[in-house]
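Shared between the two complexes below is chain A, which pairs with chain B and chain C, respectively.
Moving on, here comes the complex of A and B:
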(Lines of atoms letter the chains of each structure in order from A and count residues from 1; the text may use other names and numbers.)
(Lines give C-alpha, C1' and ligand atoms only; values in the text may rest on other atoms or scores of the structure.)
Protein backbone atom coordinates (compact mmCIF):
# COMPACT_ATOMS: atom_id res chain seq x y z
CA UNK A 1 0.00 0.00 0.00
CA UNK A 2 1.40 3.36 -0.96
CA UNK A 3 0.50 6.29 1.26
CA UNK A 4 -1.65 8.84 -0.53
CA UNK A 5 0.24 11.91 -1.68
CA UNK A 6 0.29 14.84 0.73
CA UNK A 7 -1.30 18.01 -0.56
CA UNK A 8 1.53 20.47 -1.18
CA UNK A 9 -0.38 23.58 -0.10
CA UNK A 10 -3.01 22.74 2.49
CA UNK A 11 -6.20 24.75 2.14
CA UNK A 12 -6.83 27.60 4.53
CA UNK A 13 -10.04 28.82 6.12
CA UNK A 14 -11.54 31.93 4.55
CA UNK A 15 -13.30 33.74 7.42
CA UNK A 16 -15.52 35.67 5.00
CA UNK A 17 -17.10 32.37 4.00
CA UNK A 18 -17.24 30.75 7.45
CA UNK A 19 -18.20 33.51 9.89
CA UNK A 20 -21.66 33.92 8.32
CA UNK A 21 -22.35 30.25 9.08
CA UNK A 22 -21.07 30.51 12.66
CA UNK A 23 -23.33 33.50 13.27
CA UNK A 24 -26.28 31.86 11.55
CA UNK A 25 -25.98 28.67 13.62
CA UNK A 26 -25.89 30.69 16.84
CA UNK A 27 -28.84 32.79 15.74
CA UNK A 28 -31.03 29.93 14.50
CA UNK A 29 -30.52 27.80 17.59
CA UNK A 30 -31.00 30.70 20.01
CA UNK A 31 -34.11 32.13 18.39
CA UNK A 32 -35.82 29.25 16.57
CA UNK A 33 -34.86 26.26 18.67
CA UNK A 34 -34.33 27.90 22.04
CA UNK A 35 -31.19 25.91 22.78
CA UNK A 36 -27.85 27.61 23.22
CA UNK A 37 -24.89 26.22 21.31
CA UNK A 38 -21.18 26.42 21.93
CA UNK A 39 -18.86 26.04 19.01
CA UNK A 40 -15.35 24.75 18.82
CA UNK A 41 -12.85 26.38 16.51
CA UNK A 42 -13.63 25.65 12.84
CA UNK A 43 -11.12 23.32 11.24
CA UNK A 44 -10.38 21.96 7.81
CA UNK A 45 -11.74 18.44 7.38
CA UNK A 46 -9.09 16.34 5.74
CA UNK A 47 -10.33 12.84 6.50
CA UNK A 48 -13.39 10.96 5.33
CA UNK A 49 -14.81 10.60 8.83
CA UNK A 50 -18.47 9.67 8.85
CA UNK A 51 -21.04 12.33 9.48
CA UNK A 52 -23.30 11.91 12.47
CA UNK A 53 -26.52 9.91 12.08
CA UNK A 54 -28.89 12.51 10.62
CA UNK A 55 -27.68 15.08 8.08
CA UNK A 56 -29.37 17.93 6.25
CA UNK A 57 -27.70 18.93 2.98
CA UNK A 58 -28.17 22.27 1.20
CA UNK A 59 -26.64 23.11 -2.18
CA UNK A 60 -25.39 26.59 -3.02
CA UNK A 61 -25.26 27.94 -6.55
CA UNK A 62 -24.85 31.30 -8.24
CA UNK A 63 -22.06 33.52 -6.88
CA UNK A 64 -21.29 31.05 -4.11
CA UNK A 65 -21.19 27.39 -5.04
CA UNK A 66 -20.89 24.35 -2.87
CA UNK A 67 -22.76 22.49 -0.19
CA UNK A 68 -23.45 22.82 3.49
CA UNK A 69 -24.17 19.79 5.66
CA UNK A 70 -25.69 20.04 9.13
CA UNK A 71 -25.14 16.66 10.77
CA UNK A 72 -26.63 15.62 14.11
CA UNK A 73 -26.14 12.82 16.58
CA UNK A 74 -29.42 10.89 16.49
CA UNK A 75 -30.30 11.69 20.10
CA UNK A 76 -29.45 15.35 19.59
CA UNK A 77 -31.58 15.51 16.46
CA UNK A 78 -34.58 14.10 18.33
CA UNK A 79 -34.26 16.59 21.18
CA UNK A 80 -33.52 19.59 18.96
CA UNK A 81 -36.40 18.80 16.60
CA UNK A 82 -38.67 18.49 19.65
CA UNK A 83 -37.52 21.90 20.90
CA UNK A 84 -37.92 23.39 17.41
CA UNK A 85 -41.36 21.89 16.76
CA UNK A 86 -42.66 22.34 20.28
CA UNK A 87 -43.55 18.66 20.52
CA UNK A 88 -41.96 15.26 20.15
CA UNK A 89 -41.74 14.15 16.50
CA UNK A 90 -41.48 10.49 15.45
CA UNK A 91 -38.01 10.08 13.88
CA UNK A 92 -39.54 7.79 11.26
CA UNK A 93 -42.12 10.34 10.15
CA UNK A 94 -41.71 12.69 7.20
CA UNK A 95 -42.19 15.57 9.66
CA UNK A 96 -38.90 14.68 11.34
CA UNK A 97 -36.89 14.86 8.13
CA UNK A 98 -38.74 18.04 7.19
CA UNK A 99 -37.76 19.61 10.50
CA UNK A 100 -34.10 18.62 10.11
CA UNK A 101 -34.17 19.97 6.56
CA UNK A 102 -35.75 23.21 7.76
CA UNK A 103 -33.02 23.68 10.37
CA UNK A 104 -30.39 23.23 7.65
CA UNK A 105 -32.36 25.58 5.41
CA UNK A 106 -32.51 28.31 8.04
CA UNK A 107 -28.79 28.03 8.78
CA UNK A 108 -27.92 28.21 5.08
CA UNK A 109 -30.46 30.95 4.45
CA UNK A 110 -29.15 33.05 7.32
CA UNK A 111 -25.58 32.71 6.09
CA UNK A 112 -26.56 33.38 2.49
CA UNK A 113 -27.64 36.91 3.33
CA UNK A 114 -24.04 37.74 4.16
CA UNK A 115 -22.46 35.83 1.28
CA UNK A 116 -23.65 37.86 -1.68
CA UNK A 117 -26.93 38.73 -3.30
CA UNK A 118 -26.65 36.27 -6.14
CA UNK A 119 -26.19 33.13 -4.06
CA UNK A 120 -29.05 30.66 -4.35
CA UNK A 121 -29.74 27.74 -2.07
CA UNK A 122 -31.45 24.50 -2.98
CA UNK A 123 -34.15 22.82 -0.96
CA UNK A 124 -32.68 20.46 1.63
CA UNK A 125 -32.02 16.74 1.32
CA UNK A 126 -31.91 14.81 4.56
CA UNK A 127 -29.79 11.67 4.95
CA UNK A 128 -30.61 9.23 7.73
CA UNK A 129 -28.33 6.31 8.45
CA UNK A 130 -25.73 5.46 11.04
CA UNK A 131 -22.17 5.91 9.81
CA UNK A 132 -22.97 7.42 6.46
CA UNK A 133 -20.12 9.35 4.85
CA UNK A 134 -20.81 12.54 2.93
CA UNK A 135 -18.07 13.65 0.57
CA UNK A 136 -17.74 16.75 -1.53
CA UNK A 137 -15.61 17.37 -4.61
CA UNK A 138 -12.02 17.18 -3.48
CA UNK A 139 -11.17 20.60 -4.96
CA UNK A 140 -13.46 22.46 -2.53
CA UNK A 141 -12.10 22.50 1.03
CA UNK A 142 -14.50 21.43 3.75
CA UNK A 143 -14.56 23.41 6.99
CA UNK A 144 -16.13 21.74 10.00
CA UNK A 145 -17.74 23.83 12.73
CA UNK A 146 -18.17 21.47 15.72
CA UNK A 147 -21.21 22.44 17.80
CA UNK A 148 -22.30 21.33 21.24
CA UNK A 149 -25.61 21.73 22.99
CA UNK A 150 -26.92 20.49 26.31
CA UNK A 151 -28.81 17.76 24.44
CA UNK A 152 -26.00 16.52 22.21
CA UNK A 153 -23.58 17.39 19.47
CA UNK A 154 -23.86 18.35 15.86
CA UNK A 155 -21.52 19.68 13.21
CA UNK A 156 -21.86 22.11 10.35
CA UNK A 157 -19.66 21.23 7.39
CA UNK A 158 -19.20 24.11 4.96
CA UNK A 159 -17.78 23.38 1.50
CA UNK A 160 -18.37 26.52 -0.48
CA UNK A 161 -16.28 28.75 -2.67
CA UNK A 162 -16.97 32.20 -4.00
CA UNK A 163 -16.79 32.65 -7.73
CA UNK A 164 -14.67 35.56 -8.86
CA UNK A 165 -16.88 38.35 -10.10
CA UNK A 166 -16.21 41.93 -11.10
CA UNK A 167 -15.59 44.04 -8.04
CA UNK A 168 -14.71 41.08 -5.83
CA UNK B 1 -50.29 2.85 16.13
CA UNK B 2 -52.51 4.86 13.86
CA UNK B 3 -51.94 4.48 10.16
CA UNK B 4 -50.64 7.63 8.55
CA UNK B 5 -53.27 9.61 6.73
CA UNK B 6 -53.66 8.90 3.04
CA UNK B 7 -52.84 11.83 0.81
CA UNK B 8 -56.15 13.02 -0.69
CA UNK B 9 -54.71 13.96 -4.07
CA UNK B 10 -51.70 11.85 -4.95
CA UNK B 11 -49.00 13.74 -6.86
CA UNK B 12 -48.69 13.13 -10.57
CA UNK B 13 -45.63 12.94 -12.77
CA UNK B 14 -44.96 16.04 -14.85
CA UNK B 15 -43.27 14.75 -18.03
CA UNK B 16 -41.77 18.19 -18.75
CA UNK B 17 -39.69 17.83 -15.59
CA UNK B 18 -38.85 14.12 -15.91
CA UNK B 19 -38.16 13.49 -19.62
CA UNK B 20 -35.04 15.73 -19.58
CA UNK B 21 -33.57 13.49 -16.87
CA UNK B 22 -34.44 10.28 -18.72
CA UNK B 23 -32.77 11.60 -21.86
CA UNK B 24 -29.77 12.90 -19.94
CA UNK B 25 -29.18 9.56 -18.17
CA UNK B 26 -29.29 7.72 -21.48
CA UNK B 27 -26.96 10.24 -23.10
CA UNK B 28 -24.41 10.39 -20.27
CA UNK B 29 -24.12 6.63 -19.91
CA UNK B 30 -23.95 6.00 -23.64
CA UNK B 31 -21.39 8.68 -24.43
CA UNK B 32 -19.37 9.26 -21.25
CA UNK B 33 -19.48 5.84 -19.60
CA UNK B 34 -19.92 3.61 -22.62
CA UNK B 35 -22.48 1.42 -20.91
CA UNK B 36 -26.03 1.19 -22.21
CA UNK B 37 -28.87 1.58 -19.73
CA UNK B 38 -32.43 0.40 -19.79
CA UNK B 39 -34.97 2.29 -17.75
CA UNK B 40 -38.15 1.15 -16.15
CA UNK B 41 -41.18 3.39 -16.11
CA UNK B 42 -40.70 6.36 -13.75
CA UNK B 43 -42.88 6.15 -10.67
CA UNK B 44 -43.73 8.35 -7.72
CA UNK B 45 -41.78 7.34 -4.63
CA UNK B 46 -44.13 7.27 -1.69
CA UNK B 47 -42.14 5.24 0.83
CA UNK B 48 -38.91 5.96 2.68
CA UNK B 49 -37.09 3.05 1.09
CA UNK B 50 -33.33 3.32 1.44
CA UNK B 51 -31.29 4.52 -1.47
CA UNK B 52 -28.63 2.21 -2.84
CA UNK B 53 -25.15 2.24 -1.28
CA UNK B 54 -23.54 5.18 -3.07
CA UNK B 55 -25.51 8.32 -3.90
CA UNK B 56 -24.66 11.57 -5.67
CA UNK B 57 -26.86 14.51 -4.71
CA UNK B 58 -27.26 17.71 -6.75
CA UNK B 59 -29.32 20.71 -5.64
CA UNK B 60 -31.31 22.82 -8.08
CA UNK B 61 -32.10 26.46 -7.48
CA UNK B 62 -33.35 29.39 -9.49
CA UNK B 63 -36.36 28.72 -11.76
CA UNK B 64 -36.32 25.03 -10.92
CA UNK B 65 -35.79 24.11 -7.29
CA UNK B 66 -35.22 20.76 -5.70
CA UNK B 67 -32.74 17.94 -5.64
CA UNK B 68 -31.70 15.06 -7.83
CA UNK B 69 -30.15 11.92 -6.38
CA UNK B 70 -28.31 9.34 -8.48
CA UNK B 71 -27.98 6.24 -6.31
CA UNK B 72 -25.92 3.17 -7.24
CA UNK B 73 -25.55 -0.36 -5.97
CA UNK B 74 -22.00 -0.53 -4.64
CA UNK B 75 -20.88 -3.09 -7.20
CA UNK B 76 -22.49 -1.11 -10.01
CA UNK B 77 -20.81 2.09 -8.85
CA UNK B 78 -17.39 0.41 -8.90
CA UNK B 79 -17.88 -0.94 -12.43
CA UNK B 80 -19.43 2.22 -13.83
CA UNK B 81 -16.74 4.46 -12.32
CA UNK B 82 -14.13 2.13 -13.81
CA UNK B 83 -15.75 2.41 -17.22
CA UNK B 84 -16.06 6.20 -16.84
CA UNK B 85 -12.49 6.75 -15.62
CA UNK B 86 -10.90 4.18 -17.91
CA UNK B 87 -9.30 2.41 -14.94
CA UNK B 88 -10.24 0.84 -11.64
CA UNK B 89 -10.66 3.42 -8.86
CA UNK B 90 -10.32 2.58 -5.15
CA UNK B 91 -13.81 3.06 -3.64
CA UNK B 92 -12.18 4.55 -0.53
CA UNK B 93 -10.30 7.21 -2.49
CA UNK B 94 -11.49 10.79 -3.02
CA UNK B 95 -11.31 10.08 -6.76
CA UNK B 96 -14.13 7.56 -6.45
CA UNK B 97 -16.49 10.02 -4.79
CA UNK B 98 -15.43 12.68 -7.28
CA UNK B 99 -16.31 10.36 -10.16
CA UNK B 100 -19.72 9.51 -8.70
CA UNK B 101 -20.34 13.21 -8.13
CA UNK B 102 -19.29 14.00 -11.68
CA UNK B 103 -21.73 11.42 -13.06
CA UNK B 104 -24.54 13.04 -11.03
CA UNK B 105 -23.33 16.46 -12.17
CA UNK B 106 -23.42 15.49 -15.85
CA UNK B 107 -26.91 13.99 -15.53
CA UNK B 108 -28.23 17.09 -13.76
CA UNK B 109 -26.37 19.43 -16.11
CA UNK B 110 -27.71 17.66 -19.19
CA UNK B 111 -31.26 17.86 -17.88
CA UNK B 112 -30.85 21.48 -16.79
CA UNK B 113 -30.40 22.63 -20.37
CA UNK B 114 -33.97 21.59 -21.08
CA UNK B 115 -35.47 22.85 -17.84
CA UNK B 116 -35.06 26.60 -18.26
CA UNK B 117 -32.22 29.04 -18.59
CA UNK B 118 -32.35 30.28 -15.03
CA UNK B 119 -31.95 26.93 -13.31
CA UNK B 120 -28.71 26.58 -11.35
CA UNK B 121 -27.19 23.39 -10.04
CA UNK B 122 -24.98 22.98 -6.99
CA UNK B 123 -21.77 21.01 -6.85
CA UNK B 124 -22.45 17.39 -5.93
CA UNK B 125 -22.40 15.78 -2.50
CA UNK B 126 -21.77 12.06 -2.42
CA UNK B 127 -23.17 9.85 0.33
CA UNK B 128 -21.56 6.48 0.96
CA UNK B 129 -23.14 4.04 3.40
CA UNK B 130 -25.18 0.89 3.16
CA UNK B 131 -28.88 1.45 3.79
CA UNK B 132 -28.77 5.22 4.04
CA UNK B 133 -32.12 6.93 3.51
CA UNK B 134 -32.30 10.23 1.63
CA UNK B 135 -35.46 12.22 2.14
CA UNK B 136 -36.63 15.43 0.56
CA UNK B 137 -39.19 17.95 1.79
CA UNK B 138 -42.52 16.19 1.81
CA UNK B 139 -44.19 18.86 -0.31
CA UNK B 140 -42.05 18.10 -3.38
CA UNK B 141 -42.97 14.78 -5.01
CA UNK B 142 -40.11 12.42 -5.73
CA UNK B 143 -40.07 10.55 -9.04
CA UNK B 144 -37.84 7.48 -9.28
CA UNK B 145 -36.36 6.44 -12.61
CA UNK B 146 -35.12 2.84 -12.12
CA UNK B 147 -32.12 2.12 -14.33
CA UNK B 148 -30.43 -1.17 -15.19
CA UNK B 149 -27.08 -1.82 -16.78
CA UNK B 150 -25.17 -5.00 -17.49
CA UNK B 151 -23.01 -4.30 -14.41
CA UNK B 152 -25.76 -3.49 -11.92
CA UNK B 153 -28.63 -1.22 -11.06
CA UNK B 154 -28.95 2.39 -10.14
CA UNK B 155 -31.80 4.83 -9.70
CA UNK B 156 -32.30 8.51 -10.43
CA UNK B 157 -34.62 10.21 -7.95
CA UNK B 158 -35.91 13.55 -9.17
CA UNK B 159 -37.55 15.91 -6.68
CA UNK B 160 -37.84 19.19 -8.47
CA UNK B 161 -40.56 21.71 -9.08
CA UNK B 162 -40.75 24.59 -11.48
CA UNK B 163 -41.45 28.00 -9.99
CA UNK B 164 -44.21 29.89 -11.71
CA UNK B 165 -42.77 32.67 -13.81
CA UNK B 166 -44.26 35.04 -16.34
CA UNK B 167 -45.02 33.23 -19.56
CA UNK B 168 -45.08 29.77 -17.97
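Moving on, here comes the complex of A and C:
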Protein backbone atom coordinates (compact mmCIF):
# COMPACT_ATOMS: atom_id res chain seq x y z
CA UNK A 1 0.00 0.00 0.00
CA UNK A 2 1.33 3.42 -0.99
CA UNK A 3 1.69 5.91 1.88
CA UNK A 4 -0.75 8.73 1.34
CA UNK A 5 0.86 12.09 0.60
CA UNK A 6 -0.15 14.80 3.04
CA UNK A 7 -1.73 17.80 1.35
CA UNK A 8 0.13 20.95 2.40
CA UNK A 9 -1.95 23.23 4.57
CA UNK A 10 -2.79 26.39 2.64
CA UNK A 11 -1.36 29.53 4.29
CA UNK A 12 -3.79 31.57 6.35
CA UNK A 13 -3.93 35.25 7.19
CA UNK A 14 -3.02 36.15 10.76
CA UNK A 15 -4.98 39.33 11.60
CA UNK A 16 -2.51 40.17 14.39
CA UNK A 17 0.16 40.65 11.74
CA UNK A 18 -1.98 42.49 9.20
CA UNK A 19 -4.15 44.89 11.23
CA UNK A 20 -1.13 46.96 12.40
CA UNK A 21 -0.21 47.60 8.76
CA UNK A 22 -3.79 48.54 7.82
CA UNK A 23 -3.91 51.05 10.68
CA UNK A 24 -0.44 52.37 9.91
CA UNK A 25 -1.27 52.96 6.22
CA UNK A 26 -4.38 54.93 7.20
CA UNK A 27 -2.44 56.98 9.75
CA UNK A 28 0.54 57.78 7.48
CA UNK A 29 -1.56 58.84 4.50
CA UNK A 30 -4.05 60.85 6.55
CA UNK A 31 -1.36 62.58 8.64
CA UNK A 32 1.46 63.28 6.22
CA UNK A 33 -0.06 63.00 2.74
CA UNK A 34 -3.52 64.42 3.40
CA UNK A 35 -5.19 61.61 1.47
CA UNK A 36 -7.72 59.14 2.79
CA UNK A 37 -7.30 55.48 1.91
CA UNK A 38 -9.76 52.62 1.61
CA UNK A 39 -8.70 48.99 1.65
CA UNK A 40 -10.04 45.88 0.01
CA UNK A 41 -9.96 42.57 1.84
CA UNK A 42 -6.38 41.31 2.36
CA UNK A 43 -5.54 38.14 0.44
CA UNK A 44 -2.71 35.65 0.19
CA UNK A 45 -0.41 36.38 -2.73
CA UNK A 46 1.44 33.62 -4.54
CA UNK A 47 3.40 35.34 -7.34
CA UNK A 48 6.67 37.17 -6.67
CA UNK A 49 6.09 40.28 -8.78
CA UNK A 50 4.85 43.28 -6.76
CA UNK A 51 1.41 44.60 -7.60
CA UNK A 52 2.67 47.77 -9.35
CA UNK A 53 5.73 49.50 -10.84
CA UNK A 54 7.11 51.53 -7.93
CA UNK A 55 8.07 49.59 -4.79
CA UNK A 56 9.40 50.74 -1.43
CA UNK A 57 10.89 47.79 0.47
CA UNK A 58 11.59 47.47 4.19
CA UNK A 59 13.20 44.48 5.88
CA UNK A 60 12.30 43.32 9.40
CA UNK A 61 14.74 41.62 11.77
CA UNK A 62 14.87 40.70 15.45
CA UNK A 63 11.60 39.48 16.96
CA UNK A 64 9.88 39.90 13.60
CA UNK A 65 11.49 38.79 10.34
CA UNK A 66 10.54 39.27 6.71
CA UNK A 67 9.81 42.09 4.31
CA UNK A 68 7.14 44.65 3.63
CA UNK A 69 6.69 46.09 0.14
CA UNK A 70 4.62 49.18 -0.53
CA UNK A 71 3.91 49.02 -4.26
CA UNK A 72 2.38 51.95 -6.16
CA UNK A 73 0.90 52.54 -9.59
CA UNK A 74 3.44 54.94 -11.10
CA UNK A 75 0.86 57.71 -11.72
CA UNK A 76 -0.51 57.30 -8.18
CA UNK A 77 3.01 57.41 -6.76
CA UNK A 78 3.69 60.69 -8.57
CA UNK A 79 0.57 62.31 -7.12
CA UNK A 80 1.03 60.90 -3.62
CA UNK A 81 4.69 61.95 -3.54
CA UNK A 82 3.68 65.44 -4.66
CA UNK A 83 1.16 65.65 -1.82
CA UNK A 84 3.69 64.26 0.70
CA UNK A 85 6.65 66.42 -0.37
CA UNK A 86 4.55 69.54 -0.97
CA UNK A 87 5.82 69.89 -4.54
CA UNK A 88 5.92 67.93 -7.79
CA UNK A 89 8.91 65.57 -7.92
CA UNK A 90 10.35 64.14 -11.15
CA UNK A 91 9.82 60.34 -11.02
CA UNK A 92 13.33 59.88 -12.47
CA UNK A 93 15.00 61.93 -9.73
CA UNK A 94 16.57 60.50 -6.55
CA UNK A 95 14.10 62.61 -4.55
CA UNK A 96 11.20 60.56 -5.91
CA UNK A 97 12.72 57.29 -4.66
CA UNK A 98 13.59 59.03 -1.40
CA UNK A 99 9.97 60.04 -0.83
CA UNK A 100 8.63 56.57 -1.70
CA UNK A 101 11.16 55.05 0.68
CA UNK A 102 10.17 57.39 3.49
CA UNK A 103 6.48 56.51 3.05
CA UNK A 104 7.37 52.80 3.26
CA UNK A 105 9.55 53.53 6.30
CA UNK A 106 6.73 55.26 8.17
CA UNK A 107 4.22 52.51 7.31
CA UNK A 108 6.58 49.78 8.51
CA UNK A 109 7.65 51.77 11.57
CA UNK A 110 4.05 52.49 12.56
CA UNK A 111 3.15 48.80 12.35
CA UNK A 112 6.32 47.59 14.07
CA UNK A 113 5.38 48.94 17.48
CA UNK A 114 2.44 46.50 17.57
CA UNK A 115 4.38 43.46 16.35
CA UNK A 116 7.23 42.85 18.73
CA UNK A 117 9.24 44.37 21.52
CA UNK A 118 12.59 43.93 19.84
CA UNK A 119 11.98 44.21 16.12
CA UNK A 120 14.16 46.33 13.87
CA UNK A 121 13.45 47.73 10.44
CA UNK A 122 15.97 48.32 7.67
CA UNK A 123 16.76 51.48 5.75
CA UNK A 124 14.27 51.54 2.84
CA UNK A 125 15.15 50.36 -0.65
CA UNK A 126 13.16 51.49 -3.68
CA UNK A 127 12.77 49.70 -7.01
CA UNK A 128 11.12 51.40 -9.98
CA UNK A 129 10.29 49.60 -13.22
CA UNK A 130 7.71 47.34 -14.80
CA UNK A 131 7.79 43.65 -13.90
CA UNK A 132 10.46 43.77 -11.21
CA UNK A 133 10.60 40.78 -8.87
CA UNK A 134 11.26 40.83 -5.12
CA UNK A 135 12.53 37.72 -3.37
CA UNK A 136 10.81 36.96 -0.07
CA UNK A 137 11.40 34.32 2.60
CA UNK A 138 9.93 31.10 1.15
CA UNK A 139 8.48 29.97 4.48
CA UNK A 140 6.54 33.17 5.14
CA UNK A 141 3.21 33.73 3.35
CA UNK A 142 2.74 37.07 1.65
CA UNK A 143 -0.47 38.93 2.37
CA UNK A 144 -1.40 41.75 0.04
CA UNK A 145 -3.53 44.64 1.30
CA UNK A 146 -5.05 46.42 -1.74
CA UNK A 147 -5.35 50.17 -1.05
CA UNK A 148 -7.26 52.81 -2.97
CA UNK A 149 -6.98 56.58 -2.89
CA UNK A 150 -8.63 59.32 -4.90
CA UNK A 151 -5.42 59.64 -6.97
CA UNK A 152 -4.82 55.95 -7.68
CA UNK A 153 -4.09 52.58 -6.19
CA UNK A 154 -1.27 50.99 -4.27
CA UNK A 155 -0.76 47.78 -2.33
CA UNK A 156 1.03 46.81 0.85
CA UNK A 157 2.54 43.33 0.67
CA UNK A 158 3.28 41.96 4.11
CA UNK A 159 5.52 38.94 4.35
CA UNK A 160 6.56 38.83 7.99
CA UNK A 161 6.43 36.36 10.85
CA UNK A 162 6.92 36.75 14.57
CA UNK A 163 9.56 34.59 16.19
CA UNK A 164 8.55 32.75 19.33
CA UNK A 165 10.39 35.20 21.54
CA UNK A 166 8.12 38.04 20.40
CA UNK A 167 5.66 39.31 22.99
CA UNK A 168 2.45 38.06 21.38
CA UNK B 1 18.61 80.71 15.01
CA UNK B 2 20.60 77.75 13.62
CA UNK B 3 18.98 74.32 13.27
CA UNK B 4 20.70 71.12 12.13
CA UNK B 5 18.37 68.57 10.52
CA UNK B 6 19.74 65.01 10.55
CA UNK B 7 17.70 62.54 8.50
CA UNK B 8 18.63 60.20 5.64
CA UNK B 9 15.46 61.25 3.80
CA UNK B 10 15.81 64.56 1.95
CA UNK B 11 12.02 64.68 1.66
CA UNK B 12 11.70 64.52 5.44
CA UNK B 13 14.36 67.21 5.91
CA UNK B 14 12.47 69.45 3.45
CA UNK B 15 9.20 68.88 5.32
CA UNK B 16 10.86 69.75 8.64
CA UNK B 17 12.43 72.87 7.06
CA UNK B 18 9.04 74.03 5.84
CA UNK B 19 7.42 73.49 9.25
CA UNK B 20 10.26 74.87 11.41
CA UNK B 21 10.61 77.91 9.17
CA UNK B 22 7.60 79.18 11.15
CA UNK B 23 9.88 79.62 14.17
CA UNK B 24 11.22 82.83 12.62
CA UNK B 25 14.60 83.61 11.12
CA UNK B 26 16.09 80.14 10.88
CA UNK B 27 19.31 79.09 9.19
CA UNK B 28 19.16 75.37 8.39
CA UNK B 29 22.02 72.93 8.00
CA UNK B 30 21.43 69.36 6.86
CA UNK B 31 23.05 65.96 7.33
CA UNK B 32 22.06 62.59 5.84
CA UNK B 33 23.52 60.46 8.65
CA UNK B 34 25.25 60.65 12.02
CA UNK B 35 28.75 60.98 10.58
CA UNK B 36 27.75 63.91 8.37
CA UNK B 37 26.10 65.46 11.41
CA UNK B 38 29.28 65.22 13.49
CA UNK B 39 31.17 66.91 10.65
CA UNK B 40 28.57 69.68 10.49
CA UNK B 41 28.79 70.16 14.26
CA UNK B 42 32.61 70.24 14.22
CA UNK B 43 32.59 72.87 11.48
CA UNK B 44 30.09 75.10 13.31
CA UNK B 45 32.00 76.46 16.34
CA UNK B 46 29.17 78.79 17.33
CA UNK B 47 26.96 75.68 17.68
CA UNK B 48 23.33 75.00 16.83
CA UNK B 49 20.24 76.17 18.71
CA UNK B 50 18.51 72.88 17.92
CA UNK B 51 19.40 69.52 16.37
CA UNK B 52 16.64 67.27 14.98
CA UNK B 53 17.76 63.62 14.72
CA UNK B 54 16.25 60.61 12.93
CA UNK B 55 16.91 57.16 14.44
CA UNK B 56 17.41 54.78 11.51
CA UNK B 57 20.12 56.08 9.22
CA UNK B 58 23.05 54.51 7.34
CA UNK B 59 26.70 54.83 8.52
CA UNK B 60 25.83 56.13 11.99
CA UNK B 61 22.34 55.91 13.48
CA UNK B 62 20.63 58.58 15.51
CA UNK B 63 21.02 56.99 18.93
CA UNK B 64 24.79 56.69 18.44
CA UNK B 65 24.91 60.28 17.24
CA UNK B 66 23.01 61.50 20.32
CA UNK B 67 25.43 59.67 22.61
CA UNK B 68 28.44 61.09 20.75
CA UNK B 69 27.06 64.64 20.96
CA UNK B 70 26.26 64.32 24.67
CA UNK B 71 29.82 63.16 25.48
CA UNK B 72 30.92 66.76 24.96
CA UNK B 73 27.78 68.87 24.83
CA UNK B 74 25.03 68.63 27.42
CA UNK B 75 23.32 71.88 26.45
CA UNK B 76 22.27 71.88 22.78
CA UNK B 77 18.58 70.96 22.49
CA UNK B 78 18.22 67.58 20.77
CA UNK B 79 14.91 66.22 19.47
CA UNK B 80 14.55 62.73 18.05
CA UNK B 81 12.07 62.54 15.12
CA UNK B 82 11.57 58.91 14.17
CA UNK B 83 9.16 56.09 13.34
CA UNK B 84 10.49 54.20 16.39
CA UNK B 85 7.43 54.44 18.63
CA UNK B 86 7.98 51.70 21.22
CA UNK B 87 8.20 52.89 24.81
CA UNK B 88 11.54 51.10 25.20
CA UNK B 89 12.99 53.12 22.29
CA UNK B 90 11.69 56.40 23.72
CA UNK B 91 13.30 55.53 27.06
CA UNK B 92 16.57 54.60 25.33
CA UNK B 93 16.64 57.94 23.51
CA UNK B 94 15.86 59.91 26.68
CA UNK B 95 18.62 58.03 28.49
CA UNK B 96 21.03 58.87 25.66
CA UNK B 97 20.22 62.54 26.15
CA UNK B 98 17.42 63.75 23.87
CA UNK B 99 15.27 66.57 25.24
CA UNK B 100 12.13 65.49 23.41
CA UNK B 101 10.78 62.85 21.04
CA UNK B 102 8.54 63.19 17.96
CA UNK B 103 7.00 60.11 16.39
CA UNK B 104 6.57 60.02 12.60
CA UNK B 105 4.07 60.45 11.05
CA UNK B 106 3.39 63.90 12.49
CA UNK B 107 1.26 66.85 11.45
CA UNK B 108 3.00 70.23 11.01
CA UNK B 109 1.20 71.43 14.15
CA UNK B 110 2.42 68.46 16.21
CA UNK B 111 6.04 69.00 15.17
CA UNK B 112 5.99 72.75 15.67
CA UNK B 113 4.33 72.47 19.07
CA UNK B 114 6.84 69.89 20.28
CA UNK B 115 9.80 72.00 19.15
CA UNK B 116 8.40 75.22 20.65
CA UNK B 117 7.62 73.51 23.96
CA UNK B 118 11.10 71.99 24.14
CA UNK B 119 12.89 75.26 23.40
CA UNK B 120 10.73 77.23 25.84
CA UNK B 121 11.22 74.67 28.61
CA UNK B 122 15.00 74.68 28.15
CA UNK B 123 15.05 78.49 28.03
CA UNK B 124 13.11 78.65 31.30
CA UNK B 125 15.58 76.44 33.17
CA UNK B 126 18.70 78.11 31.66
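Keep in mind that, in the parts below, the second predicted complex is superposed on the first by the 153 of 168 C-alpha atoms of A that agree within 3 Å, B and C clash if a C-alpha of one lies under 4 Å from a C-alpha of the other, contacts with A are read in each partner's own complex, and residues count from 1 in each chain.
Methods note: a contact is a pair of C-beta atoms (placed from the backbone, for glycine too) under 8 Å apart; a residue touches a chain by one contact, two chains touch by 3 or more.
Source: prediction; values computed, not measured.
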item	value
Which of chain B and chain C A:98 touches, first, second, both or neither	both
Partner chain(s) touched by A:133 [first = chain B, second = chain C, both, neither]	first
Which of chain B and chain C A:32 touches, first, second, both or neither	second
Of chain B and chain C, the chain that contacts the larger number of chain A residues	B
Which of chain B and chain C A:84 touches, first, second, both or neither	second
Chain B versus chain C as contact partner of A:125, first or second or both or neither	first
Contacts of A:108 with chain B and chain C, given as first, second, both or neither	second
Which of chain B and chain C A:60 touches, first, second, both or neither	first
Set of chain A residues, in rising order, touched by both chain B and chain C	94-95, 98, 101, 121-123
Sites on chain A touched by chain C in the complex	27-28, 31-32, 81, 84-86, 94-95, 98-99, 101-102, 105-106, 108-110, 112-113, 117, 121-123
Chain B residues within the chain A interface of the complex	4, 48, 50, 57-62, 65-67, 69, 92-95, 97-98, 101, 120-129, 131-138, 140, 159
Interfacial residue positions of chain C with respect to chain A in the complex	8-12, 14-15, 18, 56-58, 82-86, 88, 104-107
